[in-house]
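What follows are several structures.
Consider the two complexes below, in which subunit A is the common component and subunit B and subunit C are the respective partners.
The block that comes next holds the complex of A and B.
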């Protein structure tokens, strides 16, 4: 989908403290297609909540969060879920369904939201899987995979398809070093396609190799989201 | 204007204070009980209202072709296989045992009382219309409903339902709709199998014992002749609705867990709700008939 305006536009969005537990401070952020924002955040839970806020899953006391020009609060359930299908997300929250094999978990979002032939989706997932160090796609249940393999699988799932926004929580402590290059290449490829990237990092070392390509650098604290000078 | 000082031991003040104190003390004792009753009532009413709303949601969503995406169809297929294949053996054994007991007893005692011509209508009223839906409902609940409840309950407690939502997948569409529909189809399939097998087994035993001498076709023709047009509607409808509400109740109980719930608290609650659902559906139709 061609996108001229911002992919993500957060304007004075103040999360409802009662419902989310997030500090009720207004947040502003605008990501254009191809932008890569690194958000330093020490607290994993806070990063997950902020990612939820960007995905329209946190009630707002005031302000607005727009994704691809659409305000989350103005959408019906169907549109809301369809729009979230355009976000590729890596989360630290337990997100693997033990009802299915890992391969099904990986391709589930694409099968649900697109009409692409299943074979194409599987081939695409296998290509990404091999890039991230799998011999193909893992068929076993997610409960039987190691943390490293789950991190690889999370990357494959997030980058699969053509997401317009990538919300990547920090899994650098689990992702094996041999997958780091593939991770950075996948980010670059997505940005070249016009996707915006929001990358949460606990330490500067996590994204040091990618620093020259990052154009937005922020820090997420309890008091709000603050720009960091000197990128 | 000055107010006259009121002595602290004025006789007019003491009795109201005493009454108020007693009232407060009674209230303090009754309040926890009232709070418990209120909490229980709200909890139960909340579930019933959620069930009614979800039932309407399933009916409405199932009518939309867009709801039946490949992920939903696949979930429906898997769940239907689990419900029918998982409950088949239990249904056959229970139907056989029920047929042996009910048909044998009905045929024997009606023949003894000289009312053998009532056999068909008694079997339809008792076995097919009343007993079969209850037993099929219990089999569905035990074999598949509790499994669904556990699966969805674990997903909700583990936060995976929220992760599904973050990926843009509506848990109602992906989990509740296909499973409820699978239970509905499974309930009808197992119910018809149950009724047929129980009658057939009853016939085989009574025929081999010489209690009845008619052919199997005459026996089934008698049963069909004893059925009214209402029976032809209400019996399949009971099987369908028992399956529908057992499946929906299990899914909704799994989705509506509280933060302090565990599987140990969830399963007894789900079982009690399932049994209540089966009985309520049957009683409502029995009263209607």
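The block that comes next holds the complex of A and C.
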């Protein structure tokens, strides 16, 4: 579906230091559909906090964070959760439920947020799983998967469905190199569909192959978010 | 919002709970309030009526009590007044005529006053006279004590009604001495009118009390005159009294002994005719006993008591003119008097319930009205949203620069249609060849966000459907597969897509229909019919502008692809031809189903094949690799190795009977091949970019085609091995299926990777082959 305005619009958002521990400096960022922003950040924790900020999980002292034209702070719980359902996210901290198999972890958000038939979701997940190097859909609990397989599963989970925003924290140290192609393919497909991508990278080498296709390049420091020019 | 999302985040924050509370809570609160008010009023009026009724009852009981007191006074009057009169007569009368006076006075009283039982006259010398009614006749009986000591006798003289003597009888006194009697002693000691305790005459069952008075005779003797009163008459009187509907009156003395009242005889029998034991038994007279207790605690006056869930009003009052302080107890159920209040209250309650029901109905109506208003406003909101979206979409369509450009595909039209109608698929069709075929110009699948076209339908197959289009009316078919007009269209076009309902709008040109718009599974199609009609108009204009140019282009697309270049005959892709490594030389191609074939797939990643390195060097590398693999295959007796692009399929155990060693040979070959490949690639300074997968299972095989005949193998094991290779956890690893693990776990080392859901195979485990044991 065509989206007229920006997908993500952060305007002078100043995180509340007391609640988040983020530096209280105003942040501005605007991602249009199809944009791919690479945010270089050496500190995983800082990247995670910024990703949380984009997902409306960090209290703001001032400014606003709008996703799909909706301000996170103005939504009721139901709307809030539904809106988060439109974000595909790879988290550095894992966020896996060991109560269920990995497959359930992967398809849970689609089953929860959409009316898509389960078979449909499973087929979609299986397709992504095979693209990322699984023989199918992993059923073993996340705690018993190897780090590489868990990274693959994280990718499958993030790209499943039709997310409007991809918030991809850096798991390049865990993701096997052969899955990189699938990863870039998935990013490209999502951008073609109209999604915006926010890709956190620790090293420039991580995204070197994709450099020509990246149209926003930023650096996240403690002092704030700074554009990198002339690279 | 995406079609399959459950909650629309753009929706206003839901105030459903508040609204529901308002719609349900207010009517319920109203009804509860009405009930409470009515209940309160009812209770208040019941209480006031009841207290009024009780006051009235008390007044009634007081007057009743006065009446009874009066009656009892009258009853006992002959004793009090008569005794004094008789005393005076006897005291001042002639001493010789005392007996006569006594007899005539007594006789007269007995004849006229029914409650008088008998009279006594005794003196201090022990003389005793008695007059009473003849127990057998209607006359009187006088008894005189004559003689003294053992010879003392009672002489009875019986008289008829007129006073004539009938007969005389006598009997021994049995040591009877009047001076020892209570009534004699009491009168002489008190000097006033003395009331004895009541006592029973067993023979007649009569309860008697005696009033006696003493006087000094002219000769100095002390006389005592006594009158016996039967309480039976009093009991009968109390019984006959109507107090309310079922009230009672009793007379008791201060110790609770029953003197007169209901069931007197029963009480007497129970007490074995002993007046001292004739007390109120709480089991027989629960209410009366309680009333007496209340009197003893609270004294005279009206009281309310509750017994066995019933309310009673009681009244305790002193009786006049008795020395012994008798108590009159009146008891009546409250309902006898206040019953009308209860009935009134019940009636009020019924009316109140009626009002409550009416209020509830009104509340329900209010609730329903509220919900309806809500629904209607939601519908209005929806319509407003639809029209807003419609105008937005129209703007988008209108602002499309090449809308009427015949060479442009104008994909916005189908997309707009699908979005507006929430359709799964929206298609634009054109009638071609004088209405003989329908060509799908553009079809938009909203779920996959994909356009397609070029589908052609012929009138020969779909006569009914073409007639429907030619008719020129928009129709909605909820189940296209069940409607005979659309069944063939459903079969040809919709079934494969999986859609069910169809909304069809013909596109009308200058001379009738020129095409149609179809919307599949479009729940909102009915709401946006005029938008569809507008799009139909635009499409009609485009069709007339196209002059069949687009049709020609579409026809070109539909034309058969050009014949491919003749293939180079470069063998059939076998590195090791089937069966060529068999030691017995009996190799060669076999056909049929092979039950347990070990299949290994090796995939080389694109990176090496599309490497930017020197092509000659790459080819040399691949050549070296191929030679190495051939060697290994021969060493381990594999059946064949086939190359397919950058994949290698190795097969072992291709026989009609299961070959137990095939899997082991394959695993050994795999380990050696991996090692060889790793060393070759590392020598060339390349990453080990290959993965291997092994499976064991049934496979079909055979020689296919004519010239050349090509040997091919196909089956689940091939697909599974390929999946194992593609999904191997890391480069340079050998992933095997559960079947291989089962066969080889005794001889090789495996590492479990985990459980997976695999297409066509379901749940399975995969393992990584690490090495030999």
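Note that in this section the second predicted complex is superposed on the first by the 228 of 231 C-alpha atoms of A that agree within 3 Å, B and C clash if a C-alpha of one lies under 4 Å from a C-alpha of the other, contacts with A are read in each partner's own complex, and residues count from 1 in each chain.
Convention: a contact is a pair of C-beta atoms (placed from the backbone, for glycine too) under 8 Å apart; a residue touches a chain by one contact, two chains touch by 3 or more.
The model shown is predicted, which means the values in this text are computed figures rather than measured ones.
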Query raised in the report: In the superposed arrangement, which partner chain does A:109 touch: subunit B (first), subunit C (second), both, or neither?
Result: first
Query - Which of subunit B and subunit C A:133 touches, first, second, both or neither - result: second
Query raised in the report: For A:66, is the partner it touches subunit B (first), subunit C (second), both, or none of the two (neither)?
Result: neither
Query raised in the report: Looking at the overlay, what does A:92 touch: subunit B (first), subunit C (second), both, or neither?
Result: neither
Report task. Could you say whether A:83 touches subunit B, subunit C, both of them, or neither, answering first, second, both or neither? Result -> both
Report task. Please tell me which partner, subunit B or subunit C, touches more residues of subunit A. Result -> C
Query - First (subunit B), second (subunit C), both or neither touched by A:191 - result: neither
Requested in this report: Would you check which partner chain A:217 touches, where first means subunit B only, second means subunit C only, and both and neither mean what they say?
Outcome: neither
Query raised in the report: Is A:118 touching the first partner subunit B, the second partner subunit C, both, or neither of them?
Result: first
Query raised in the report: Which positions of subunit A sit in both the subunit B and the subunit C interface?
Result: 78, 81-83, 85-86, 113
Query - Of subunit A, residues touching subunit B in the complex - result: 51-52, 55, 57, 77-78, 81-87, 89, 91, 93-99, 108-109, 111-113, 118
Query - Of subunit A, residues touching subunit C in the complex - result: 1-2, 68-70, 75-76, 78-83, 85-86, 101-103, 113-116, 122, 126, 129-130, 133-140, 144-146, 148-149, 162, 176-178, 181, 193
Query - Residue ranges of subunit B touching subunit A (in the complex, touch as defined) - result: 69-71, 151, 154-155, 158-160, 162-170, 173-174
Query raised in the report: Which bits of subunit C are touching subunit A when the two form their complex?
Result: 2, 4-11, 13-14, 396, 419, 449, 605-606, 687, 689, 691, 693, 723-724, 726-731, 735, 753-759, 761, 763-764, 766
